[in-house]
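Heads up, there are several structures right after this.
Shared between the two complexes below is chain A, which pairs with chain B and chain C, respectively.
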Partner chain A sequence: MVELKEQKLLRGGPTWPRRRWRYFAQVGAIVWKDVVVEYRSKGVVITMAVFTLLVLVLFNFAFGPGAGREVPVASGILWTAFLFAAVLGMNHTFALEKEGDCMQGLLLSPIDRSALFLGKMVGNLIFLLVVEAVSLPLFGILYNLPLHLVVWTLAPIVLLATVGLGSVGSLFASIAVNTKAREVMLPLLLFPVVVPVLIAAVRGTAHVLAGEGWGGDALRFLVVYDVVFLVASLLVAEYVLEE
Partner chain B sequence: MSYAHTQKPAPPSTPLKEQWLEVGSKTYDFLTIGGALVLMVGALYLGLLYAPTERIQGEAYRIIYVHVPVAWIAFLAFGLVGVMSALYLWKKDRRLDIYAHSLAEVGVIFCTLILLTGPIWGRPIWGVWWVWDMRLTLTLLLWFIYVGYLMIRAQDLEPGRKARYAAVLGIFGALTIPLNHFSVQLWRTLHPQPVVLTERGFGSGLTDPAFLIALVVSSVAFAVLFAAVLRQRISLEWMREELAQLQHRAAEGQ
Partner chain C sequence: MLATRALTKRFGPHIAISDLHLSVARGSCLAIFGPNGAGKTTLLKLLAFLVKPTSGEIIFGGKREEAGDLRQRIGFLSHQPLLYRHLTAYENLKFYARLYGLTSARKRAREVLAAVGLDDRADEPIQRFSYGMLQRAAVARVLLHEPELLLLDEPFSGLDSQGARDLMAILEGLRDGDRTLILTTHDVHRGLALCDEAGILIRGRLAYRASRAELGSEENFASLYEAHSERA
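Presenting the complex of A and B:
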């Protein structure tokens, strides 16, 4: 029996798989928009990559040329550089939405609030991962570390830590962007909450760079952190993005 | 700071005076402030004179009668900020927002006390004021998180939006408390292991019952002090709210 359109509406719109598909289509649309904007303006990724490189070089001056030989120091330098770059980048992508009231437009569009947030977050994650993919080989070269470890073995730790950083960071950036001192506000709110990620990432990275494999503790901790904060950010996103 | 335009301005018919936590209730004031005074004197006596000197640490250990109760209460306050924040996002009740704000402020004071009393003990026992131990570091981070929370509270934002932002930060701060404990277990710590709530039962880590009596009394004293200070803070916020409403009404009347 063919169901009438009206009957379908009475039952509460499209069925579950269809709704889920629509949700991900919405997320995809937001991500696509951010990627296209970035591809045309090249505002965030290049700035972040150059900034990361600069921080890596600066630390080399700060600690003297021998600093990279100690693996824990090198991994600490790497993650500090990524953290700073991430704050710059995430501040920028949300500040863009603030300009010309783009956020207002996005909120008016018939999109689920959590889909909007997830889209922005995935966009941020893509930018962060691109920056990391570019800077990791350079880090390996500058600090004389075995390149196969830096590029391949490190990948799961980088991925997990970036997800943790990006989920909390995107949420807090969407809060900080509405305050007067937005550039200072984001690191102030974000750093204390992501320090566990930083610690786990630095420990894991040091393990990998010393040629001892992943160090299961760090990976497990990062997985727990990611799950907790990813779910929490998606749950509260609608309250942050409310007008 | 004006809350005159929030979602639920209390209508004039709501008698604010009847809500025991907000304004009024002399009995509560008398019991908490008086009780805190009496209990504090008792805790001082028990902690400084009654409890025996510890065998290895000497007299320096006596600071646990401040450090430990204060730490329990600070963590309780921060946990409650998380609960109140989550409830606020759900119920959108102004009172929950005020509770969360007041709990965070009092929690930050107690957390500051942890961070002040800890080094006083650490200096004679460890030989240094501060070590970058996991538990110390994460308590310091918790302090930073809630100072950030109070900074968002101090921002010039539209009240309803500010309450929502603060609630989100409150929830995230509370989420880091269990992660705090995870990481303490994962990475070694110099901090003394728990002696009161251990897997071997209540108070089993303490060799003399006098230690436990002193600790329990000082914990109750600090808990009552916490209740007294918290109510004063909530009261203050409520009066500000009332003032804002009155000003709003006066401005409309002209």
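Presenting the complex of A and C:
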């Protein structure tokens, strides 16, 4: 019944380019899988987007029209919404791997653990950025803020803070998913570590929304934070994802 | 082909595998029987480098290699199919083929699906599959990268008689003399039909091991297995 031809394998080999190519092909495969699964199940992005929009609308009711003049308040509301949406989303994407024990399938394959982590992290970043792209114009309208600032000038701050949230969040989500109370565990682990990102993001956003430029020191701080935590996350991924 | 030396795995105070010395020749099939909680799944997970041993070592192909390189040569059929229910059977296999770095992932995915008789259902999401079809899709996943060592964890459990017959035919087809099989099962009839050697694992120790010729009749082995299980 089973007749299988000899299969040529890219066994890595000694050459660095081949190993690198294979590494990024594996990362790409995980991102592709996460995006296709999300496109069909619609479990993560819609939940995150609805949550974000609800927070923005509710705070708008609470502070009344013209709240945009209180720029620090508006930027705090924005990052509160993004932070909790990120926690929801990252919990969900790792929980998906526990469903049917699919994480075991990933760990059985000869994939570098940092590639596995990077793939999951990039998937999470895509989902977060989609939600942010949908939410930001609405945020501008609800809080009476200039749309060119919210959509264009704010983009670097949002992008850098999202990378920071996504890298640390994906790492802790991969730990929390193996615990019984993962919904509680992820925020407990994540919040203390991302406090610097949140402070920088809120200050940078206030800076941008006040029309004072691209975010100043906050932007530089976010670049440093992202580099440090992205590298650290990739280095410890092997120990976190193994047994 | 495969050997373990003083392999031990503890989970806290519980000893799942205790000082296990095992060797399996290339191309042979070893069936491991054992009651629930005997350590069968843990043993296979250790051999698949899914969990790290507390002590002892696993030697594969006579050499000590990195776990990452060895995973390329091992196929593990778990209790779960390890497939994504929102993806089609073909998409699932194409995804795994890319993780294994296969040169022509699409072609290979179609080939193995045809090999397990799922070519006509390849483009359906696997959430529509019956358990028997899922198990065949899982076998296709395991065969994708032509592993030298196949680890099968209770492959017949949960299958109806037709499903078990279909799976048996697939597994018999894999006995090509080059591929090594280690399976754990409660199904004495099918386990013995497939194996060259049989072992009984009790509380993480290999309490009995014999070649198929030494085992005698199926009834003899079944009563021996029962006696070991009751003592456990």
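Throughout what follows, the second predicted complex is superposed on the first by the 221 of 243 C-alpha atoms of A that agree within 3 Å, B and C clash if a C-alpha of one lies under 4 Å from a C-alpha of the other, contacts with A are read in each partner's own complex, and residues count from 1 in each chain.
We adopt the following convention: a residue touches a chain if its C-beta (ideal position, glycine included) is under 8 Å from a C-beta of that chain, and two chains touch if they have at least 3 such contacts.
What you see is a predicted model, and the numbers here were worked out from it, not measured in a lab.
**Q** Classify the contacts of A:A29 with the two partner chains as first (chain B alone), second (chain C alone), both, or neither.
**A** Touch status of A:A29: second partner only.
**Q** Between chain B and chain C, whom does A:L188 touch in the aligned arrangement: first, second, both, or neither?
**A** In the superposition, A:L188 contacts chain B only.
**Q** May I ask you to decide whether A:E242 touches chain B, chain C, both, or neither, giving the answer as first, second, both or neither?
**A** both
**Q** Of the partners chain B and chain C, which touch A:L88 in the superposed model: first, second, both, neither?
**A** Once the two structures are laid over each other on A, A:L88 reaches no partner at all.
**Q** With both structures fitted on chain A, tell me whether chain B or chain C touches more of chain A's residues.
**A** C
**Q** I'd like to know which partner A:I199 touches here: chain B for first, chain C for second, both or neither.
**A** A:I199: touches chain B, not chain C.
**Q** Go through the superposed model and pick first if A:R40 touches only chain B, second if only chain C, both, or neither.
**A** second
**Q** Figure out whether A:D112 sits in contact with chain B (first) or chain C (second), or with both, or with neither.
**A** Second partner only, chain C.
**Q** Thinking of the overlay built on chain A, is A:Q104 touched by chain B (first), by chain C (second), by both, or by neither?
**A** Touch status of A:Q104: second partner only.
**Q** Look at A:L171 in the shared chain and tell me whether it touches chain B only, chain C only, both, or neither; answer first, second, both or neither.
**A** First partner only, chain B.
**Q** Identify the residues of chain A that lie in both the chain B contact region and the chain C contact region.
**A** Touching chain B and chain C on chain A: residues 242.
**Q** Note which residues of chain A are touching chain C in the complex, please.
**A** Listed in rising order, the residues are 1-12, 22, 25-26, 28-30, 32-33, 36-37, 40-41, 96, 99-102, 104-112, 242-243.
**Q** Give every residue of chain B touching chain A within the complex, in rising order.
**A** 89, 137-138, 141-142, 144-145, 148, 151-152, 155-157, 161, 164-165, 167-169, 171-173, 175-176, 179-180, 182-183, 186-187
**Q** Residues of chain A touching chain B in their complex?
**A** Interface residues on the chain A side: 168, 171, 175, 178-180, 185, 188-189, 191-193, 195-196, 199-200, 203, 217, 221, 224-225, 228-229, 232, 236, 239-240, 242.
**Q** Once bound in the complex, which stretches of chain C touch chain A?
**A** 48, 50-52, 68-69, 71-72, 74, 76, 78-87, 91, 95-96, 98-103, 108, 111-112, 115-117, 125, 141, 143-146, 169-170, 172-174
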